[in-house]
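One chain, subunit A, appears in both complexes that follow, with subunit B as partner in the first and subunit C in the second.
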Partner chain A sequence: MSYRIAKNLDSALEALKEKDPATRIVAGATDLFLQEMPARLVDVSSIEELTAIEEIDNRLVIGAAATHARAAASELIKGRAAALVEACLQVGSPQVRNIGTLGGNVVNAAPAADAAVALVALGAKAVLVDSSGVWREEAVARLYSSYNCSALDGCTELLVRFLIEPCGQGEGSAFRRFAARKALALPLANAAARLKLENGMIASLSLVAAPVGPAPTRLIGTEAAILGKPAGEETWLLAAETAAEEVEVRGSLLRCSAAYRRHLVGILTADALRAAARRAAVSQSGSLT
Partner chain B sequence: MEKELIKFMLNGEPVEVYNDPASSLLHLLREKFSLTGTKEGCGEGECGACTVLLDDLAVNSCLIPAGKVNGRSVETIEALSKDGGVDPIQEAFVEKGAVQCGFCTPGMVMSARALLKQNPDPDPEEIKMAISGNLCRCTGYKQIEAAILLAAGKINSK
Partner chain C sequence: MPTGIVESPVKIDPRVAFQSPEVWAKVTGKAIYGGDLMLPGMLYGRILRSPHPHARIKKIDIKQASGLAGVRAVLTGSSIVQKPYGIVIDDELPLAEAVVRYIGDEVAAVAAVSYEQAAEAARLIRVEYEELPAVFDPAEALKKGAPQLHAKFPGNIAWERHLERGNCDQAFREADIVVENTFTVPPIHSTYLEPTVCLAVSDPYNGLILHTAVQSPDQVRTIVARVLDLPLSKVRVIGPVMGGGFGGRVYGNLKLYIIASLLAIRTGRPIKMQLTREEEFLVGRPLIGAELKLRMAVRSDGTILAREADIITDNGAYSAQAPWVSKTLSERNDSVYQFKAIKTKVRLVYTNKVPTGQYRAYGNQAANFATESLLDMAAAKLGFDPLEIRLKNCVRAGDVTVHGLQLKSCALADCLKAAAAEIGWHNRKEGRGYGISAAIHSSGSVVFDKNFRGAAALARLELDGRVSIFSGEQDYGQGAHATFTLIAARALGIPAELITIHTRDTLASPFSIGALGMRQTTIGGNAIRLAAEQLREKIVQTAADMVNEPVIFEGGSVKSASGQVIELPAIAFRYYSLTSGLTLVGEGKYVPAESAYDKSGYGNIAVTYSFAAHAAEVEVDKLTGEIIVHRIVAAHDSGRIINHLAALGQVYGGVTQGLGMSCFEGYLFEGGRVANASLADYRIPTSLDVPAIVPLFIEQDDPEGPYGAKGLGEIVQIPVLGAIANAIADTAGVRVTDLPITAEKVFLALSGWECEA
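Now for the complex of A and B:
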């Protein structure tokens, strides 16, 4: 067993060069530590490039090893991608949020990981680099291969950062979840929305719910049903109905029945839309609170 | 089990230890340093009994691979009563009757310490949030919240 703390990106990539299946990138380790630990771990959580949260060329750039606690406290993210702040505040507990990272939330590939759901709704792109130094960008939703299984190979590839187009004037985003308790509980369901309003009408939107598939899933049918409609209660109720009909959900003896989860997806979708629209309206009137 | 040299600051003192880097910080503290004030409850990050500070932030020591603390600073409950006395947070827990069976108490105190380091004047909601990762099965939360509020007052009036 070896545990190396990489000081910079180059040394982390160097460690991946041997393409050894027993070598793996780790950040917070809060999930991995409870599973079988690989023999050689390369800890990337101290690499500055991977922890920065900044705005560059009008894009929000969030290091993959930024913790949930730091993202939740970031005024930069709050003003431009509020759904992500709301989601990060719901992950685990304060102790877990102080260690667990956004990149880990995605790569661990749990279908309803809160931060990942918000990232997908916000249209976040993941920036990855492999051991031979080849960079690529991928939509976050495409980083899932099956249930609890990431499409990213942690033995050869490293998730470096997320890129998000900030919500501009007339745009807003929000995240909602429901769990058996207010803290330290996995969500029974969650939903996130990003939308743009023009003259009170929904000009564009992205709507995501989970767990309704292996990855946070766009609700394409619901998006189509309410696009162009006025931002108001009638539209939110239509969204709730359409979302609940649209999703394929599984029930679980431990958590809740499929019927209850379907109901929750509808309610949470409408709640997220309502909150996102409120933010969009506020941003239109010029104040960014 | 391969061992590696792990060097870190523990309760203000530099320490070095050969240990399996994949064992938990919790076991390292309890078994190698005999710091048994940090408790093992669930062992999977659900209960907060093992809370310590890592670079001043509250973390579950059961979820931290020992290798991760290399070069960093760890503070345990033992740091609070170094000179035989008690810390204002501990004092407040006693005064408010915030201890029942006591098993969650070290974790609660460390979460309170992390909060008060970051925010010396928390409101009741911020206190609830700060201990939301600590379970108390004796259901003494009200007294614990009152104790942390009292502790903040004690520290601020010093």
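Now for the complex of A and C:
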């Protein structure tokens, strides 16, 4: 087994040139030990470009190798994409959050990875580069091919950063999860919301829940049902009902029954909406939270 | 002492608070555990396990495995001399010979120069199986025509007991109300942090040395010698530091020890074997799962009359201690209240699943969950306060219980009152649920062997004036060494720092039954007290002979009538010189009074009994069923507390494990396969899930225990279950009767939905 620490993007891409299926990009590597160990590992966690968290041209730019702990502690993200902070705070345990990265959370392709769910709700775009130096942007939701399978070809392509349009005035986001214990447990369900309020009405929104399919899944039906409605209890209850009806869920012996998961998706969706709307209202009144 | 999430009104008395130096070795990473042990030329052992829950072995081909580079031995059932063995029932073989009975059953073993090569060789063993019909549900296993596991046990019943005390039918006729329900408890693993590991060393002259951390090294030694047909003088067990046992490691993993020993004997090389975490779950002998059908007869004035029980315990494929555990599970809890009559039917049933055993309180936890839940149902039906019905019926000092236990000391009523007062029973917070539960447990059980009820210990004055204590009792993190140190220091009148406790070598220490049945402090502690007292007498005697005048031993030194000070090293040397090499040794033999229990088990079965009442304050989110346990008050009558530090630790840990059993843990099976054989999926509570725990000690002297002390280690877990279950039912208005009580189960009960599989 070889383990290379790439110092910069070029050297990481160099390692991908051979298109060797036994080569694997790692950053936190927290999920690696649960799988068969690849022969060649390329560690990208110390590449500056991949770890920066900044705001450029009114866009949040978050390096793919930024750890959950850093993202959770970032004032920049807190003020502009609160759902991501909430999600990052609930990943694994302090140890996992200290080394696990946002990019890994997405590329590992677990259907209900907390940070990924928040990223999709926030409308995050992933910026990728392949070994021949070709760059592309892709919606995070499109980086999943099937259950626990990323659409990203890890032997030829590298996830570099995420781009998020920050929540502006009248906008808010939030993330909620439900698990069998308070840490180190996969969620039975999670949900994230981003919405914009105009005159107390929902002017735009994005709702995501998981595990509902292979990828964090937009709740299109629920979004349509409450768009244009007033931000209030009646709407949140309608969202809970619609979301629970809309989703395709599976039950499992290790987590919970499908019926309970469906119910939880509804509850969490309403909770996330409620919190996002509160943030939107506060931001409208002037102060960012 | 933990701070922050836990709070304690217990004032730590520095005179009764001692931390063993071993604690520092552990937290600084310097303690030596089994996994740290290495010897030159050491080989690694691996076991090939059955992938089938029930199958006939048609053929085993070891050719490829034996030929692999680095492989030094491959053993199968037919290549070794096999002798059936067991702890209670001899229903196991070191390696399966004709039939495998569960997924994980040991089929072959390999020794190789590296762990990887051993694992690879195990993979290369080809086994041809003929699959047999399997049975996983004990109720199914009892049916006619069910697949049979052991020819010697037709009907799959490994052990059963039918017991009646008093006239149960008449009591039910006299009852004003009868409550009944069925409660289920899954198998529970002790989840000690350190997976079981052993290093077996064999040489033709010295015999076999087994390095392994186990709660009862002497019993392991006896069983291994018997199974391998070795003279007892040629088997020695030495324990490294143990990373937790919780009753799940009384015998460690006997099969691992036997296989490692066989490989060591075959190869003449040291053999190291360690279970993976997955193997711990597959073969680690969890506490038996149980189904308890209970009926309780109560009079309208709140008097509890009788209890009828039909209990099925799920043995898995082999027995370990399951018969004893089934007995305690079906019986001990009856002595919490003044029952007039009892009728119990308990059947231990073989199934094609993981073999089971014991965890912390011998199944008394499960009985507490069931009985205390049922008692609250009775109280609700009668409009009685749960606290009042318990105070009305609980046993008191001087009582003889329905099973004949003689309670020489008992502060259970005070425990109930203290727990209720501290939790705010009569001063409740809005939106919170409150539950209370009571427990009894043997402190110093004497029933394991009628002819071996007590313990012995040696106290040796070293030439430098320090004292070494030799005892067969075990410290596996519960603080026994610290407690023994305090007892010896008190008996000798010397500082604790001068005392070292040695317990982990069967060659050096007197035989002991081991750390089980809450016998460490009560029985083992008494032996150490007696040994130290005798050493003290011998010191005084020797010093008096030295100066030829009367002496007193006070404040750690010996003074003569004329004012001479005789230092301990001088006394030690004097005896050593006089005897040309012997040291002053005090022998302590604590032999409890002969037990009066009869054939039916009626009578006194322990030196004394410990009591506890726990109260819980919880909140339930009705939208999701989520359970938030806010506080648990643990009021204990463990007599006079010897070491407050250790006692607090026991309460914090035991309550946490009780919470785990109540709301988090339990084996999940898919057919015969353990579906959650990892710490990711077998969810024990994390530190964030643990509520505020408030320990209270109702301290009264017990006439039997050393310096008035009684045991605490097992009982701490028992009442948690009933308290939490009752608190959840109190606020949710619905009752979950199968453990663990999860958010989903509470929600389904609240919503009245049918549960999907």
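Worth pointing out:
We adopt the following convention: the second predicted complex is superposed on the first by the 289 of 289 C-alpha atoms of A that agree within 3 Å, B and C clash if a C-alpha of one lies under 4 Å from a C-alpha of the other, contacts with A are read in each partner's own complex, and residues count from 1 in each chain.
Here is the rule we use: a residue touches a chain if its C-beta (ideal position, glycine included) is under 8 Å from a C-beta of that chain, and two chains touch if they have at least 3 such contacts.
Nothing here was measured: the structure is a model prediction, and the numbers come from that model.
Judged by the touch definition given at the top, the superposed model places A:96 against subunit B, while subunit C stays out of reach. Legend: residue contacts after superposition of the two complexes on their common chain; A:43 is shown touching subunit B, with no touch to subunit C.
When the two complexes are overlaid on their common chain A, residue A:254 makes contact with subunit C while staying clear of subunit B. Contacts of A:180 after superposition: subunit C is touched, whereas subunit B is not reached. Of the two partner chains placed by the overlay, only subunit B lies in contact with A:69; subunit C stays clear of it. Touch criterion not met for A:284: it reaches neither subunit B nor subunit C. Residues 93, 182-184 of subunit A are contacted both by subunit B in one complex and by subunit C in the other. Of all the residues in subunit B, the ones that touch subunit A in their complex are 1-2, 4, 20-22, 24, 44-46, 48, 51, 54, 57-60, 63-68, 70-71, 111, 114, 129-130, 132-135.
Within the complex, the subunit A residues that touch subunit B are 1-5, 29-30, 33-34, 37, 41, 43, 45, 69, 92-96, 98-99, 182-184. Considering their complex, residues 93, 178, 180-186, 188, 251, 253-254, 256-260, 263-264, 267 of subunit A touch subunit C.
On the subunit C side of its complex with subunit A, the touching residues are 623-624, 626, 664, 668, 670, 675-676, 680-681, 683, 685-686, 688-689, 742-744, 747-748, 751, 753, 755-757.
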